[in-house]
Structures are given as C-alpha cells and as structure tokens.
C-alpha cells in the first residue's frame, strides 16, 4: 500500500517537468487560437540538433565501451519494434470500421520512435539523477526501422498482387536511412565514433539541446491540438488505440528491460529509456516513409492518432509513469 | 550646474551600449545599400526568445513575490497607455492635413509597447548595475492592450454608424492576446508561474537573450532606414510627433514612477523601465492589430512614424536619457 | 628525413579535426542520397554569425593594437589576391577548350576568400595552440576585393568594346562591399572598433561560432557533392585547376608570410592564416558578384570548381598541410 502511495507521489512529482509544461503550453495556446508559430526552419534545425546530439554522444560512448554490451538491448529493441506492429495487427486491425491498411500504418508509426519524446525522457532522467548507458538513445534505429519495414511489408502483402509497384524491404531500409531524422542520427554516431567532436559537442550540441527541446515541445503541443480535428474525422478506435498503445507498449518494453537488467545489469535508466522508445510514436521520419510505402492508408488516421494523442500520452503520462515505476521497482533514492 | 554636467556626462556614457550600436549599424548598412539581411525565421525566433525570456522571468519572480506589489504599477501602466492615446487625440489629431483615423492609429502604436526596446532597456540597466523588480517587464500587456483597445474604439466611434462591421473591445482584447507577441509573453508568464523552468531559463532563454537582442537591433535599424521613404510620403507632422512623443511619454511615465517610488518604494530601475515602456512604440504586435481594427488608417503613417523615428529615438535617446535621469534623481553611484 | 616523417605525422594528426569530419560527413550523406537538409535561413544566419565574429574580434583587437602592424600584411594580402588572378590568366585561361571568361571568373573566385574555410582554419589553429594576431582574419577583404575587381576588369577588357554596359572598378568595390558577406564583416569591424561589444561577443558571437561552423561545414559538404555533377559538364581542366590551385596559392602565400615573419615578426599562426586565405576560394560573396560582373561566364565552371573541389581541398588538405608545415618550419611544440 505504501508502495502504491509512493508511486503515485512520484508520478505527481514528474508533472512539473518543463518538457511537459511546454507541450501543454503549446496545446493551450493553440486551443486559444493564438497566432504564435515557431518558424519551420527553426523547428527543422531543432530536430537536427537533437538527433546530432543523440548520435554524437552515442558514438563517443560506443567508442569507449564494449560493443558487446549493446547486442542484447539492440536485439530487444528490434523485437519490441516488430512486436508492436504485430500487436496492432491482431488488435486495432480487427476492430469494426477499421481499414486494414490504416491500422497497419498506425501500428507502424507507434512501433517507430520519436526523437523529441526520447529527448524529453533523457532530460527527465537527468533531472532525477537516474543514470543510463550513454549508448541507449542510439538504440533508436534498431526499433524504428524494423517497425516501419514490417508495417510496409505487411500492407504490401495485403494488397492485390496485380499491383506491380512492389516495395522491397531493402528499399524501405534505404529510404528510412535517407530520411532526415535517421541521416542526422547516423551521421552523428559516425562522427562521434570516428572523430573527436568532444569540444563542439560540449560547447554547442549538448548545451543547446535542452533549450531547443523546449521549443520542440511547444511546436508538438501546437501540432497536437491542430491535428485533433483530423482525428475526429476517422473512426474513434484510433483515439482509443492511441491512448492505450503507448502505455501498453511501454509496459512490455519495461518488462523486457527488467529481464535485461536481471540478466546483464542493464541500468534502471536504460530500462526507462527502452520503455519510452517503445511508448513513443514517430513524428518526423515515420509519416513520410509510410506515406510513400503504404500510399493507400489514410494519413489522417495514423498521423492524427500519433501526433494528437500518442505523443502527448507518451510525454505526459508515460515519462512520469515509467520513471516513477523504475524508482519504485529498482528502489532508487 | 554640476548636476546638469553630471547628467550630460552620464547620457554620453550610455552611447557606447551595444544595443544602440547595432541599431545604428543596421541603419548605416541599409543606408549604404547593403544586401545583408537577417532571415525572417531568425527574426521571428529572436522575438519569441525575447518575449519568452521576459515572460518566464516575470512568472518565476511573481511566484516568489507579493502580487499586491504589482497592483499599483499595473494600474499606472494602464493609465499611461490610455493617457498616451488621449494625448495624441488632442495634439496630433488636431494638426492640419492629418486624417483623424491616421492620428489615432499612430497614437495607439505609440501607446503600445516594443519588446525589443524593453529588452535593450533591461540590458542597459543591467550594464549599469541598476536593480529593478523582476516583474516590471511583465507590465508590458497592462500598457499595451489598453492603448490598442482605446485607439480602435475611438476610431470606430468616429466612423459612420451605418458601417455594420463594429469591433467590440472584447474582440480587440482577444485578438491582442492571440497575437504572437502577447501569446509568447503570457505563455512564458504562465510557465514561469506554474512550473519549474529555472534550468531551461538559465541555460537557454536567458543567455541567448542578450545576443539575439543584438540581432534584433540590427534588423530594426535596417527596417527603420527602409521605412523612411514611406514616412516621407505622409504629412511631416508624423515625423515631428514621432520625435517628440517618446521623450514626452517617457517623462510623464518617469514622473508617475517617481510618485510610486515615493509612495511604495518602487525601485529606481522600475521607474526607468516604466518610462521606457511608455517611450517605446509597438513594432511587432501593434501594426497587425491596428490594420485589422482601423482598416481606414494609412499604415505608412503609423508604421513609418513608429519604426523609422519612434523606435530609434526610444532606444537611442530615451534609454540613455532616462538612465542618466534616474542616476541623478535617485543619486545612484 | 626525420623532418619529413614528423611533417607527415603532423598532417595525419590534423585529420581528426571536427571541421573536416563534418565536411566529409556532408559529402557522405549527400552521396548516399540523404534527404537531410539544413534550412537556408539557418545557413545564412550561421554565415552572418561567423563573419560578425571575425569582424567584431578584428575590430576590438585593432582598437588595442598598432594599426601600422597591419599595413604590410594587408598589402601582402592584396598582392596575393591580384597575383592569384594573374596566375590563372596565364595558366588556366591558356588551356585547350577553356573559354577566357570562364577561366578569369574561376581565377577570380579562387583569389577571393571563403569565410567558412577561414573559420575552420581559426578553430584548427586554436586546437593546436598556435597563436596569431587577432586582426589577421580581418585581412579577408584586402585579398577578396582586389581579386574580384581584377577578374571583372580583365573579363570586361576582353569583351567587345561595343558593349555599352561597362562596369567600373569603383562599381565593383561598392557592389562587393554591399554583398552580405563583406557588409557583415565590415559592420562587425566597425562595431568592434568604435563601441564596446565585448560582452555580447563573449556570450554570443564567440561561443556559438564553433558550433555553427560545424553546421556550415556539413552544408558545404552536401553542396560540394551536389555540385559535382555540374563540374562534370565542363572541361576537366577546371577540376585539375581546382585541385592544384589551393595548394599552390597557399604555398605562395606561406612564402610571403614567412618573409613577413622574418622582417616584422609576423606570427606563425598569422602565416598559416594568410596561406589559408589564399588557399580558400569564395563560396558566399564571390559567386553573385561574378555572376553580375562577368555575365558571359558559365557558373557551372567557376562555382563547380570552387564548391566541389576547391573548398574540400582547402579544408581537407591545405589546413592540415599548412599547420604541419608551420609546426616544422617554425619548430613549434
């Protein structure tokens, strides 16, 4: 009983995080009809900075750590990404009034990963002093790419075989890697691994990351509100799925992470980040890839579900939830 | 005699401020026909950063101070905003060859507030080590909104009543609050008041503020020069008004602030900022609100007067003037 | 023998510089067909920041140093800029299948200066602890303007005199100074010289410079790859010239700088920067000036040669080369 009370208190304590505040602030001003906008160039640059920061730090850490430590978590991330899409196929896709292609695309987007949510999770862990292996954020593509590939392949198998325009898995991998998000992340990884970007990391990418994240959160809040009208135009099951999926996916990944912790000493912070990679849904790189790969799916369904409900739930509910859960499960101070 | 010499010396000392230097630099390169431009996205983002910084700091301070302290200064700010518009109505509007609507719109813009001028004033006070209550910059909307409302209502009363397209004061309040400038300021206030943005404030919004202000000053200098040709096309009285008004409005507000200082211990720095809020004229949020609210007024008159003469006078003359005045009046070191 | 081995080791040591890494990274992701782009507004702002930083620092230093020290290096820079164009006239312009106007424009661009290469050189010198007079980067216009003027005048002399549209040298000087690059640099110089921008320099222009330079390098790498196809469409001699010219020009300037060192005590770091000013070719200000001044020249030739080959060679080969050369020649630690 004490444990539950402590857990709830810790969840509440997370609610003053600036990331969540800026997200809600963005939703609020959009709801009030504010004309405040963040220029698109600033948004794109903030995303680039965020992914370079994750990539550079990941690369510099992998350089100094044993790559063998990463193998199991990377496999786990792949399995979770694939599992989320299959779970969507046997739940969302079977609901009434749901088109199969729309359901698969939505599950693919929820299996893919959001860099902004990941960034907000990193800042929240740091604020609570919960350590993690610095390469954990670099697990991003291991969950992201398999989820998108599986979704596009499953959607393609469902289509009439007469359609000659088949997309091979290898094409999807290449197309994902060429997207701006994964390009920036992998470029950062490579530069961190092979060169000495310590100084530019410490004086530029790292200090600006936290501030630009607050700007990103604001943009995502504004977007979330504006996309709500699109979500209203599709079956309500998308909203239900988008509400339940982040928590469910996060809990599954938390369980997997817990097993890794027991087996290999994977850090509590790493378990939380793995759960939040699973809880997040793609906002930058996923949508264009899906639009190209599953052209028959309705973007209002999958983008509306992810941007308007999935992301706010991942940041507003899952980040406090899984940090509090870790603090109780791993008896952190 | 000594006092006047000291005052003049102190005015001169203010002329090496970087804000003024960047403003004059912008005018200079525009006068030379330079093709240097600051991308619009950067300008918009700099304004956002400036207003968030003012708002966040205001919110965090109000959280820790007695809101009762703000009541009198807020009422004073409202009174000054209203007074400036009425003063314009009985001076500028009565001059020959001046259309009533144009005069009212101009007075409204000079009653409204410039975030950039306010930012430059804050940096100048800090450079001179003159303290002020951290919530003073948050008086911005208390002067800005009443001035704009009164101008639009006065212009509407002058129009033929047959015109069905009446704008209610409540509509103007809502429209002002939805503008990008006040949205950002109030969002910052709210976040500062209700959440814990200390860290992102200290690592992002505050340190970047001073630098981005220099970029804003440059843009405003370029704009001031480019708008001069528009001002030449309207009656010369606008230039005369734009030259005299900032100093007059500032002196009135300085007097009001001085009374507040005697009555309630309002800080000398607060008196200077109140004077400079009054001396400044709106450059971001005011013009579009007036264009919507007083469509019959000629933007070349009010924007030209404010951007080309009012702002340079407020920054270049009023900031040094009122800081020197405060140093002498309050015998600061 | 030992000296050569030491020299080669030092060249290799330079290859881990982040500037070069980001440049190659940009080429790599462009070669992979990545959709990652840096918004144009960010690129333009980064260039502005870089040039303001060079200008402000130059101005603040000149204020405190003896201007007489600058006279000989400035004359040397002018001579080198002029010499590079004349050298192009007697080499590149005489090769088979090379149009005279194209050759002159290319030589003009290689005589002009690249702010990004200069920035990368400054960061590399700083990383190696090699000091230079802080006004050396401000020699930029002394080499840049004469090279562009001479190229445009030479091209004009070659044209039929019937063409009434003659461009005077004075027009070229004015047009160069009005370009965004030189405007920003000279504005920074002026502000550094006449005002007190120390604080905004130390808190904004200087700390952001290194980070934004990495972004610029990335953009230049992407550009270099994308322009390669243009270069393929013109005579291969342009690629050969673009490969050899930066090293040759740098060696000549290194020799001139060495003489200045012997005669006046010009610093080793100054010699390296002079060599790299000569090795660099213009990427921002030069192309539009040449396009206006030598309209008959083919931009694919001169921009392709400079952007795709000249700049990568200047940054990737010349910076390590001339730093290592200075370390050996001046027996630096």
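The letters A, B and C name the chains in turn, as written, and every chain counts its residues from 1.
Operating definition for what follows: contacts are C-beta pairs under 8 Å (C-beta built on N, C-alpha and C of every residue); 3 or more make two chains touch, one makes a residue touch a chain.
Just so it is clear, the model here is predicted, and its values are computed rather than measured.
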| item | value |
| --- | --- |
| Numbering shared by both copies at the subunit C-subunit A contact, with half separating same from different | different |
| For subunit A placed onto subunit B, the superposition rotation in degrees, Cα atoms, nearest 5 | 120 |
| Intercentroid distance (Cα basis), subunit C paired with subunit A, Å | 42 |
| Per-residue multi-chain contacts in subunit A, two or more chains | 39-42, 208 |
| Residues of subunit C defined as touching subunit A within the complex | 16-18, 21-22, 25, 28-29, 32-42, 127, 207-208, 210-212, 214, 218 |
| Subunit B-touching residues of subunit C, taken from the complex the two chains share | 39-42, 44-45, 48, 174, 177-180, 183-184, 187, 190-191, 194-197, 199-200, 203-205, 208 |
